[in-house]
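Below you'll find the structure, written out as structure tokens, and then a few comments.
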Amino acid sequence: MAMLYTVNKSPLERNALESCLRHATVGTAILLIEDGVYGAMAQTAFTPALEQALQKLHIYALKPDIEARGIQDKILPGIALVDYGGFVDLVAQHSPVMAWL
Amino acid sequence: MAMLYTVNKSPLERNALESCLRHATVGTAILLIEDGVYGAMAQTAFTPALEQALQKLHIYALKPDIEARGIQDKILPGIALVDYGGFVDLVAQHSPVMAWL
Amino acid sequence: MATKKKIMIVNRKAPHGTIYAFESLEMALITAAFDQDVTLAFLDDGVYQLVKNQDTRPIETKNFTRAYRALPDYEIEKIYVERESLNARGLTPADLAVAVEVLDADTLAQRIMQQDVVFSA
Amino acid sequence: MATKKKIMIVNRKAPHGTIYAFESLEMALITAAFDQDVTLAFLDDGVYQLVKNQDTRPIETKNFTRAYRALPDYEIEKIYVERESLNARGLTPADLAVAVEVLDADTLAQRIMQQDVVFSA
Amino acid sequence: MKFTVLVNEGPYTHQASDTAFHFTKAALEKGHHVLRVFFYHDGVLNATALSVPPRDDRDVVKRWSTLAQQYQLDLVACIAAAERRGILDSEDAKRHGLEMDNLAPRFRISGLGQLVEAAIQADRVVVFGD
Amino acid sequence: MKFTVLVNEGPYTHQASDTAFHFTKAALEKGHHVLRVFFYHDGVLNATALSVPPRDDRDVVKRWSTLAQQYQLDLVACIAAAERRGILDSEDAKRHGLEMDNLAPRFRISGLGQLVEAAIQADRVVVFGD
């Protein structure tokens, strides 16, 4: 079964998302939550790293957190948005689950 | 009067020290405290940035925090070590004081 | 207390993930009530605080970001946003909910140096 | 509960600046008492936790780092440290207080995948 | 499916407790079984009975208590983490000679073993923190 | 010289409160005047009367109270930050219909204006946080 990583940190403030991507093997699912959703934005200094990651990983982002931050129109294509129920489904479908805090 | 910046974050986890250095004008004093003292180490990925900063800035590090972390033998030459009393003196000698948190 | 003090509140953290942005805004509003020379500076992830159309109903928290638009009512007129921080995040002043003055890092550094007090969180 | 679970405790934060390293170590020791298949992983700033000769008397906090040396007594034998994290910090296994297995990032990633439970803080 | 949830941060300061709450609620609504929500590190601060948030904000503590009542959810705060941060149940307070306790309804205080035990029994462990 | 100290984080979780304490103590020992130590954000958690740390660790709360007694130091926690985090003095508890309060000795609870006022009067303001 593929595993799920969650990341809740902005990639321009902390190294959590960068380190997570460095440890994500092909087919791993990554869910961006809380301030981690800033990592899903287009046209940022981190965007190239995420675009590269999208080629081998399944990347999701929590829609409630995106809307809270007003960035719904700036999300990279290829990132799937989920709500809290979708978060639960991702956890049920993957194992283990690890939080990059 | 020259100003004092304090930085308490590890430079390999967060962007605080990097951002601080980007905003430090010639002659500014920087005091590394708490996990910020990891930024004072030689031979790390951040060392080149700090060596460059040492050419135009006064960089201090809190000795109690260095000893707590066991890195007293790995501190870059040119960084002055102070204790809590020295911290107080630096604050008295500079204004304003800003914490890069 | 004859002369006003120059007090800057520096915002470097993203909103919502932590409470610092919200409680720093409260600090800014209180400080303004003391009739001092108040400046707000937004840099690094702090620039995210000012993004428009933030809607916190989906995360069920209080939408404190609406209060940024009220800053002029509190006579806080110096609102600086760092150009480099905006650029790194793909943002422009048109993305922000508030009228701000965009400064480059060097100019912002000069403005910090001129303060009497710098608060950060 | 016939079969043991594979439980990994991931340490990515520096000691002393925050309490996570200390309280994660407590978690590791308790987990070991449950007779499971326990692994500790140290990467990113977490590798600083294992540096030898840490002396917290000058900051007047409890020196919990001495307990890392006792990990084998708790039958925690899988202690992985990431090579890339050590290198970026100018550290080698000789700088550490504990005997560890150094793994590169790819190998560590494989070990994470094999777990049933991954704790982090 | 059986979940165990770990909350590492206190209310309001970090979003972790909010996200953990919405995750737990969604899991329960989908019919999953949440064996235990364990509060560690600053997470124990979610268990204070004395939090009084402004009326126009959510009440994080009360929300956990209500969810626990509704679903017979087991909310456990780590005793060692709670004691140093000033969260005590009546027994704990008495043992330390204090006249007050401040544990919120439906929370209980116990050892870290309760986390490990729930992690062993669960199909999934999900961690929320800083 | 006149100092104002701002503490943004709670005890134990972050070193900020430790460093602020050692800084404040050193300033007082050098003969400086510390006008006020203000506790904001999670810093208000330093003011809990219920913290019971292990015997082999420092007692962060008690240490602040003792320093305050020794030097007539003014320790003030922000009321808005304290209420949402469950730190209440007896008056505040009564107003909210709660039977317990948990403010540690020598701390008082007041508004953010106390921080601004002390910052205006001080020669230096030093901030400790996360």
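Note that the chains are named A, B, C, D, E and F in the order they appear, and that numbering of residues resets to 1 at the start of each chain.
As a working rule, contacts are C-beta pairs under 8 Å (C-beta built on N, C-alpha and C of every residue); 3 or more make two chains touch, one makes a residue touch a chain.
Computed from a prediction, not measured in an experiment: that's the story for all the values here.
Student: By label order, what chains touch chain C and chain D together?
Tutor: The common neighbours are A, B, E, F.
Student: Give the chains in contact with both chain C and chain F, ordered by label.
Tutor: For chain C paired with chain F, the chains in contact with each are B, E, in label order.
Student: Taking each chain's centre as the mean of its C-alpha atoms, which one ends up farthest from the centre of chain F?
Tutor: It is A whose centre lies farthest from that of chain F.
Student: Between A-D and D-F, which chain pair is linked by the larger number of C-beta contacts?
Tutor: If we tally the C-beta pairs in contact for A-D and D-F, the bigger total goes to A-D.
Student: Measuring centre to centre with C-alpha atoms, which chain is farthest from chain B?
Tutor: If we average the C-alpha coordinates per chain, E ends up farthest from chain B.
Student: Roughly how far is chain C from chain E, going centre to centre by Cα mean, in whole Å?
Tutor: Centres of chain C and chain E (C-alpha means) sit 33 Å apart.
Student: Taking each chain's centre as the mean of its CA atoms, how far is chain B from chain C in angstrom?
Tutor: Comparing mean C-alpha positions, chain C is 26 Å from chain B.
Student: Can you tell me which residues of chain A touch two or more of the remaining chains?
Tutor: 8, 12-13, 15, 34-35, 64, 83, 95-99, 101
Student: Mind pulling the residue numbers of chain D that touch at least two other chains?
Tutor: 13, 16-19, 44, 59, 61, 117-118, 120-121, in rising order.
Student: Mind pulling the chain F residues that touch 2 or more other chains?
Tutor: 8, 12-13, 15, 19, 22, 41, 54, 57, 80, 125, 127, 129-130
Student: Of all possible chain pairs, which ones touch?
Tutor: Taking the chains two at a time, the touching pairs are A-B, A-C, A-D, A-E, B-C, B-D, B-F, C-E, C-F, D-E, D-F, E-F.
Student: Along chain E, where are the residues that touch chain C in the complex?
Tutor: For chain E paired with chain C, touching residues are 12-15, 18-19, 22, 54, 56-58, 130.
Student: What does chain E use to touch chain D in their complex?
Tutor: 6, 8, 40-41, 80-81, 111-113, 115-117, 119-122, 125, 127, 129
Student: Could you pull out which chain F residues touch chain E in their complex?
Tutor: 10-13, 41-42, 45, 48-54, 57, 61, 80, 83-88, 92-93, 96, 98, 100-102
Student: Once bound in the complex, which stretches of chain D touch chain A?
Tutor: 10, 12-13, 43-44, 84, 105-106, 108-110, 112-113, 115-118, 120-121
Student: With touch defined as at the start, can you tell me which chain D residues reach chain F in the complex?
Tutor: Touching chain F: residues 16-19, 59-62 of chain D.
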